[in-house]
Amino acid sequence: MKAFWSRFRRHKAAVAGLVVVLLVVAIAIAAPYFYPVSPWKMVQRPFLPPFANPAVPLGTDTLGRNVASGLAYGARVSLLIGTVSTLVALAVGVPIGALAGYFGGVVDDVLMRFTEFFQTVPSFALAIVLVAIFQPSLFSIIIAIAIVGWPPVARLVRGEVMAQRQREYVEAAILAGQSHLTIITRQILPNVVSPIVVLASLMVASAILLESSLSFLGLGDPSIMSWGYMIGAARTVVRQAWWLSVFPGVAILISVLALNLVGEGLAEALDPRSSRDQA
Amino acid sequence: MQTLQFLLSRLAKGILVVLAIVVLDFVLIHLAPGDPASVMAGESGATDEAFVQQLRVKFGLDQPFTTQLGLYIWGVVRLDLGFSHRQQMPVLDLVLDRLPATLLLTGAAFVFSLTVGVVMGAWAAAHKGRPLDRIITTVSLVFYATPLFWMALMAVLIFSVWLDWLPAFGLYDVGGNATLGERALDVARHLVLPAVTLGLFFTAVYVRMTRASMIEVARQDFVKTLRAKGLSERVILRRHVLRNAVLPVVTLAGVQAGQMVGGAVMTETVFAWPGIGRLMYEALIQRDYNLLLGVFVVSAAMVVVFNILTDLVYRMVDPRIEVSR
Amino acid sequence: MKKKLLGTLATSLLLACSLPGLAAAEPKEGGRANVVVQPEPPGLMLGILQNAPTQMVAGNIYEGLLRYDEKLNPKPQLATSWTISDDGKTYTFKLQKGVKWHDGKPFTAADVVFTADVFLRKTNPRTRASLAYVDTITAPDDETVVFQLKQPFGPFIRMFEVGTMPIVPKHIYEGTDFQANPANNTPIGTGPFKFAEWVKGSYIKLVKNPDYYEKGKPHLDEIYWHVIPDAAARAVAFETGKVDILPGGSVENFDVPRLAKTKNACITDKGWEFLAPQSWLWFNHRGGLTADVRFRKAVSYAIDRDFAREALWNGMGKVSTGPFADSTAFRDEKVLVNYSYDPAKAKALLKEMGYKGEPVRFTPMPYGETWMRWAEAIKQNLEDVGIKVDMITTDVAGWNKKLGDWDFDLSTTFLYQYGDPALGVSRAYVSSNIAKGSPFNNVGGYSNPEVDKLFADGAVAFPDSARQTIYSAVQKKLSDDAVYAWLIDLKFPTLTHCNVKNLITTGIGVNDGFKDAWIE
């Protein structure tokens, strides 16, 4: 663990990313302390530009709600949706992909047919239908995003594991009598972790964006303020009030960027070969 | 010969997948609140239960669920996707009407994003850690993280409203008697903004995939061997690293090419592009069951085709992998 | 050059450039009108489909017997003159001579009889309800139609606009399955424009009817109705000159003031007098908090309508004070309770009833950004006085279903009033219209025999002074009961480029056809 941290620390950008991510988490946790009133409360006249009134530093939206307050509360929702849905997608996608890629044959066939089954439906449409059926709520949105998110993970892991499966070290491990589970988790997965981590960090972002698309179609959870909701609602006033979409947009961008930097740092720190290189 | 056999077996499996999807979608769609009769009744402003019931009977919605499903599958098997009661047209006609526009859009976006993505990703990998790499990765990330509709709107603002270089919406300018050449040029001009906007998102994905994959491959032992053999860095990168690194990118691209067909909803909406993504969304909103299922079936078939193509490319890129089990 | 700063949009802009009827210049012939239609209509057969986009496009293809001006006075269309007998029971129409259907067949009184007596009775529930007052419809000769009523029905004269009673060709529809007739895809009417082409997802093209019976009309050669699904893109289309006409509701309200200030843009809120859309908050009267009149009153006092009018509707329309919209006949301001914004009163009422924070389910109408923002503002208004609100959102189909199944406590909505309480108001209040299946019936479930009787009597009372007494009584009763929380009498401004002249000439607006319009 210590060795891992010291490897991670060598990537300055990754550390910077981690700081930003932690900062966003802190803001999310502290939102009620900064802004005790609900972010839905209409506190000022509508369309107040940013920096005009210190009480609403980032301006107000179409109904006179505080944008800064919305950003702080939105951090909670967006991070929650992004991470939980990605974790669910990984929990489903990685095992399926790894098993399919490792065993091949009938196992691969069955699992890939199952994956294709989910993938062959246009994912965005599937998400809309799912949310529409189960009614928009935090839970249904997370589940819908996870359901459309896991097949690419499975495909990617399968491809990678398949390629690794041909390598000599796997043959050697089999000859050495290691169990399949051990080989997959100890030998192969560490070697394919970097594309998975890169994909996962992008998935967090795409989950946040997908949530915004759903919000934009009127299928967001109506009682939670998310960045996606803010951008979706600002969409029709982009021309009059740039700040309404730019601030939450930048919030998403910064978070995604930070997550990516962390992801890369992790990838390199986790990769046994890169440590060899640097040793 | 082997390839043909492989193709046939994949095709057979693909058809089964599509049929399974018909069942899943059928169940899902019928679980959604509201049906085509209630939507059409709602739109007419005033109505009574008898009127709604009359519509239901007419649309066959009064029959038992399993009967409806059975009838639908029987139809799909005969390549009959049913009738859109709302649009008063056969579903297949409606979908085929819109399919070319979507294929044009997604095809252009796909070629654009894959080319630019792989080239930029490779370029970034070759300059790993240097400013050029940082610039490329950051820019691609910005494109990835910006909501599509926002980017589209900005593109329209700059290139249509302010500069007046490119048309803002539609497939072509209506009216007039354009010759075939003029019409093609007109469509091409209309294609630029939507294709690039849709493509940019995927470009960002391919840049990152290619870059990550190239760096991964470059660390492998065979590259060191090649280096030891005295091959130039440029040759190693282009001939050996890129070729291996492209594998996961192709996996992803193949998957996304199919997805793009359905995923173009936003782009088609913002640019008023008359494709099936929009058709699907409108059908969903209107609970036009038959039409929605029809779009799902056609786009599912697309994904199956793209997956088979992906596997074919796989075989060409990396003959070591046995695909045709 | 600096753009001229305008104060409140509603007043100054409307004054600036909306003088439709007064164009002194000679109409210019030819040209093409590019119009936005949103959403794409499901079809154009106006006798079968009654939704808004269908009416807007097909109002050029089909015609009614009459049109109505801004004061809702009848004007000739397919009928040149009409008489109403002294007992109010016999309506006689003289028809235009020399009218031809778009396929060349002559139009006669038989078409009118077929339309009213056979076709619309089957296909149009709203028209069917009003036709229940009609005993016989006859054609003594080819140019005369007589409607014989069972009893006087005051609003009957307002039933002949093109959306309510579009005249359809008998020779095409008689003896067929109306809904499945293939001719529905190539509509044949008598109107100033003929259907030419429909590229689904892109545009609908209408061309001038060269044989139109009013000589010299229409002025335009063709109309293109563009299908542009995104509101922001529709705004851009207007700015770049790809379309010249944005009918009411085709861009988001937030965008209206900005577009109105662009070069060569004209705006008018005329053309909604006949439809008179009124918005309100449904209460579900079947049980729970909303069945308690004190709770309904509290909600009525808690909502800040002026804020919504300014922030969401650009200061257009009027704050509703009761169940009759501003331009609807027989409205009586004097009998109404004043429910203007008063949070203190709302809190007092809640305290009086012992409200303890039980949640109410609010299922707002999902008709785009403005309506969603409005729902959020209302929710906040209610929470400000201490009412706990669970907002439930879904798409339009889901909302239709929930309202149609009465599965809600509160919901926003708006309904057209068609100028007369018997045509457009009573349907939301009378118990006979409590029926599942549509979100536009009396879904609130308000049931009061006294009100039922008043509305029934008001419809058939004769003459108008008798109707006024009855309708004043019903307004007082509804207002005292706070049956629903009436919000705003809406206006949907029409934006055009200023070189489009004479577009809106009646109280039905763009839905009434473009026969007088021309482009400079």
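Letters are used for the chains, namely A, B and C, taken in the order the chains are written, and counting of residues starts over at 1 for each.
Rule of thumb we're sticking to: a residue touches a chain if its C-beta (ideal position, glycine included) is under 8 Å from a C-beta of that chain, and two chains touch if they have at least 3 such contacts.
Fair warning: this is a prediction, and the values are worked out from it, not measured in the lab.
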Higher number of C-beta pairs in contact (A-C or A-B) found for A-B
What is the identifier of the chain with the smallest separation between its Cα mean and the overall Cα mean?
-> B
Distance between chain centroids, defined by C-alpha means - chain B, chain C (Å) | 39
Where the CA atoms of chain A average out and where those of chain C average out, how many Å apart are those spots?
-> 45
So, in whole Å, the Cα centroid of chain A is separated from that of chain B by 21
Which positions in chain A touch two or more other chains at once?
-> 132, 217, 235, 238-239
Multi-chain contacts in chain C: which residues touch at least two other chains?
-> 232, 394-395, 398
Touching two or more other chains - residues of chain B = 32-33, 149, 153, 157, 284
Seen from chain C, its contact residues with chain A in the complex are 231-232, 235, 252, 254-255, 258, 307, 311-312, 366, 369, 372-373, 375-377, 379-380, 383-384, 390-395, 398
Chain A contact footprint on chain B (complex, rising order) = 13, 16-18, 20-21, 24-25, 28-29, 31-33, 138, 141-142, 144-150, 153-154, 157, 205, 208-209, 212-213, 216, 219, 247-248, 251-252, 255, 258-259, 261-263, 265-266, 277, 280-281, 284, 295-296, 299-300, 303-304, 307, 318, 320-321, 325
Residue positions on chain A within touch of chain B in the complex are 104-105, 108-109, 113, 116-117, 119-126, 128-130, 132-133, 151-152, 155-156, 159-160, 162-163, 166, 194-195, 198, 202, 205, 209, 212-213, 216-217, 231, 235, 238-239, 245, 249, 252-253, 256-257, 260, 267, 273-274, 277
Using the touch rule from the top, collect the residues of chain B that touch chain C in their complex.
-> 32-35, 38-49, 51-53, 58, 86-89, 94, 97-98, 101, 149, 153, 156-157, 160-161, 164, 167-171, 174-175, 268-272, 274-275, 278-279, 282, 284-287
Contacts from chain C onto chain B in the complex sit at residues 32, 39-40, 42-43, 49-51, 124-126, 129, 179, 184-185, 199-203, 205, 222, 224, 226-230, 232-233, 236-237, 239-240, 242, 394-398, 400-402, 404, 415-416, 427, 435-441
